[in-house]
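The structure is given below, and queries will be raised subsequently.
Labels run A, B, C and D following the written order; every chain starts at residue 1.
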Amino acid sequence: MAVNRVGFVGLGIMGAPMAANLLKAGFALTVWNRTPARMEPLLALGASAADSPAAVAAASEVTLSCVTNSPDVEAVALGPNGIAGGAAPGSVYIDCSTISPETARRVAHELSGRGIAMLDAPVSGGDIGAKAGTLAIMAGGQAEVFDRCLPVLEAMGKTVVHVGPIGSGQVVKLCNQVAGGLNLLAMAEAISLARGAGVDPAKMLEVVGAGAAGSWMLSNLAPRAIRGDYAPGFMVDLMQKDLHLVLEEAARKHTPLPGTALVSQLFQVLQAQGRGSDGTQAIVDAVARLAAGQDR
Amino acid sequence: MAVNRVGFVGLGIMGAPMAANLLKAGFALTVWNRTPARMEPLLALGASAADSPAAVAAASEVTLSCVTNSPDVEAVALGPNGIAGGAAPGSVYIDCSTISPETARRVAHELSGRGIAMLDAPVSGGDIGAKAGTLAIMAGGQAEVFDRCLPVLEAMGKTVVHVGPIGSGQVVKLCNQVAGGLNLLAMAEAISLARGAGVDPAKMLEVVGAGAAGSWMLSNLAPRAIRGDYAPGFMVDLMQKDLHLVLEEAARKHTPLPGTALVSQLFQVLQAQGRGSDGTQAIVDAVARLAAGQDR
Amino acid sequence: MAVNRVGFVGLGIMGAPMAANLLKAGFALTVWNRTPARMEPLLALGASAADSPAAVAAASEVTLSCVTNSPDVEAVALGPNGIAGGAAPGSVYIDCSTISPETARRVAHELSGRGIAMLDAPVSGGDIGAKAGTLAIMAGGQAEVFDRCLPVLEAMGKTVVHVGPIGSGQVVKLCNQVAGGLNLLAMAEAISLARGAGVDPAKMLEVVGAGAAGSWMLSNLAPRAIRGDYAPGFMVDLMQKDLHLVLEEAARKHTPLPGTALVSQLFQVLQAQGRGSDGTQAIVDAVARLAAGQDR
Amino acid sequence: MAVNRVGFVGLGIMGAPMAANLLKAGFALTVWNRTPARMEPLLALGASAADSPAAVAAASEVTLSCVTNSPDVEAVALGPNGIAGGAAPGSVYIDCSTISPETARRVAHELSGRGIAMLDAPVSGGDIGAKAGTLAIMAGGQAEVFDRCLPVLEAMGKTVVHVGPIGSGQVVKLCNQVAGGLNLLAMAEAISLARGAGVDPAKMLEVVGAGAAGSWMLSNLAPRAIRGDYAPGFMVDLMQKDLHLVLEEAARKHTPLPGTALVSQLFQVLQAQGRGSDGTQAIVDAVARLAAGQDR
């Protein structure tokens, strides 16, 4: 039987447009947000307000959440008035936050004891992808649960892939941040070398971006970085949060990642300058800082 | 007046298909190669053989070379029976090798004293791009020389960009290797984390490759690396040659590149194992070696 | 009035000999350990047994602890039957564990509310230094508390320094691990280069250890590493625990430490091989693994 | 038969005091320097002047040189009016410069064809050690040649070790720079963490320098670095010269040295700021630059 009643907890910069896309796709939507004012635009679009995560879950066959970090997920899922307290046996909880794979597994384990299934389904694509409904969604959990929830996920994303058992979605998201972080460093060092050797970085990008060294970062963020546009996209502080999750998971699995460890130290250069709210393309300045006698 | 007579020195894995594309484009082509047997296929296609770089240049309005490293370029351009000894004033020398920007400038300076113009025009795209005529070509030199030679370059490449004065082509190529090398490390660390955390790396790629962490390397080389196909593509030893050029140029310009320095050390792990002739995707094994109790 | 009654909680490889030195110095000593059997040797030397940290504290003017990590300190200090529950106002708690500076400050804050003063006084010097009473002790806290406890600390250590307010002892200990970890990497890379270039590393050490590149690690651990003696000293797993504390504190203070981040990744190479219980000199093998075709 | 007549080529900041110690030890000394004025103080002490390296060698049983880099050694040894042109068969050439092990072997090979033996005997200990005669000297070459020259070497150094065949002295010197460079980074990161976490670095040093994380660098250079005294000691530019030799030799031997590669990039931060003539303790500022919003 097709899913109809869907809930959404956490209407931030990502969650709000994701929830809006669920409405557009025709789902009956119930929402909750810690700061109630953020619910207004969705209520205006036809969503119903609930007064707690538990109440959202009570009204929904599938309840989604999109919050900041592991402790937030534990709170909305398992805390007082949390999803676990309202969700009916047979319902599904989908968490779209980026958190520790371990936390995802622990929460899933708790919920399964109450007959509630869970998918960990972090997303990639930023607020632009969230608005456009073109997110990449990497989901971990049981195949049959994934299949049942696919229409919900496809309302929000373009690339929706079942990547393995519970926790796998988070692992894949962390892999995404590893690759993204190093691609950002690739961009930064290429620009730094061009500048240091007296070549216009825009000319450099024209060629390099088109070939075997090309990447999404180079095509999309390098032009901004070159003209000094540091508006996020994705903020340095959030990238660091994710890279800490990466390095924790890598330590747990004894998987050395020397490049990612370096990337994290370089983002710290930006945080030391109070630039945690800049977009990740600011890493160009962290690398430039190594080369330049003068600060920006 | 349009260029008609073109010469090519150095018919290796890159040079041979590039020269063949010049023939296909209708240029009258004279060739020379240190190992004469490598000229045969081109002679069969209509090229003329010369018995030295000087003789190639004497027969050509534009002479190209594609050899291994800085000393090879100095030898074919300025050495005994070199291009400088045969080229007429007003002719052009285009070097497509990847060499030190300094060497490019020094050779250009020598040649300009004899009335011979030069472009440094290294290429990117591998033997596949060389065959298909889809190379990226990044050319340094005077704008009017570039304009005059554009039809020659466009016979071999798809993205042909004038990036600045002499030496700039090499700088951009080095930037390309910086970005490419770090994108390869991005691929390797993402795969290592997936495996370490128990997720199928092919599933990981399906999502990550499609989004903001995507890159040419991830799309084209990661699938090969995952199935243990190490056929080059671009060989580890050649990548190291280029990364040494990068680090030398960066040292000359006091431009710290900590990520690239790390990448070069990791390619050395492969060289230490006698894998210098594997494709660059083998970096996945260098990173895996850090994590694994067992060797491949 | 001079301190006479002293307590000790945590009689592990470090704590037991430290406590024994307190007895030798003439203090009346009360002890507790989670595994009671470990108390026997000290009781034989004249210590009294208590049945909880609270009971130790009730019997003591100064109570010390030496346990593994931040949560252990929180448990013995503030948990059920913890030191806070038994210590009299005016008494002092000295923690000699290596933990997060934040935890030290938080515990001190809790205790101060009950009139109990605290020093964070982590130690360096290993079990050898603990037995010999030659530990370096770096203490944070109020100067007058430090002065009052100095005879206690001097019974266990040779270099006893008051380094600043509460938490400073832990910061200095983390600095010690930063310096020690990088000195170990220095040792490992020097040995790897000697071997790679065909020089007897023992000959190398004979010179290098005596000069400006000399260090305690080079003098004391390099000879062991060269002959393949990996007996700890200080175990890889404990070093990693401390380096994680370092990188957490550095992240909190936005202090990039790229070298230390690399060192931590290299110790992970050893953990991936199941060598977490080897001594830290095993880092020589992690670096050798990069160079060698063959494993140990 | 004991060596009596000794020559010295290259009277720089190291060579001049080394030569003076040879005079003090009673050797008959002939000297040459490119800038003749630098010979004056030694002539005043009793040395004889020659007008070329060849003339020095013609007058000497053992000729030493102390110049900057590989090409300088090739020039004074094998160039016009070089040592090879004046030295008698059976005489010995000892080079005390820090150069590529390959160059040392090549020069030795050339000289051996003329019956001239060679030792490569680079030194460590700085101008202070050179003046005091307390240098560490690491000599490569045949054992009998070393034995014969030992009185000469012991006139200049305190730790004089025969480390293996020709070239081994240079390898050991490069190992020394690997260890020294990473010990400097250890010092810099420990100081950076202390400052970032609000602890007086002088207090930190008081403890850390005395224990298992202690090193010559920490004891001797850290106090200078902390008070902002950047007078060399050993200059950043010379350290970089040596680290380039290290990384070249490591690349030749396929010996990955990721820590040393990082150290070299960090010294480049200083060079980018025009601080190549500062002492190596300035690396503290390169690391501080990563953390600080403000420049020095």
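Following the convention adopted for this analysis, a residue touches a chain if its C-beta (ideal position, glycine included) is under 8 Å from a C-beta of that chain, and two chains touch if they have at least 3 such contacts.
Source: prediction; values computed, not measured.
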item: Those chains which touch chain C and also touch chain A; value: B, D
item: Most remote chain, CA-based centroid, reference being chain A; value: D
item: Same-site or different-site touching of chain A by its copy chain D, using the half cut; value: same
item: Centre-of-Cα separation between chain D and chain C, whole angstrom; value: 37
item: Centroid distance [mean C-alpha coordinates] between chain D and chain A, Å; value: 53
item: Chain centre separation (chain B, chain D; CA means) in Å; value: 39
item: Junction residues of chain A, two or more chains touched; value: 250, 254-258, 262, 265-266, 268-269, 272, 290-291
item: Contacting residues of chain A [partner chain C, same complex]; value: 240, 244, 247, 250-251, 254-258, 261-262, 264-266, 268-269, 271-272
item: Chain A to chain B touching residues, read off their complex; value: 101, 124-126, 129, 136-138, 159, 161-164, 168, 171-172, 174-183, 185-187, 189-200, 203-204, 206-208, 210-218, 220, 234, 246, 249-250, 253-260, 262-263, 266, 287, 290-291
item: Contacting residues of chain C [partner chain B, same complex]; value: 258, 265, 268-269, 272-274, 289-293, 295
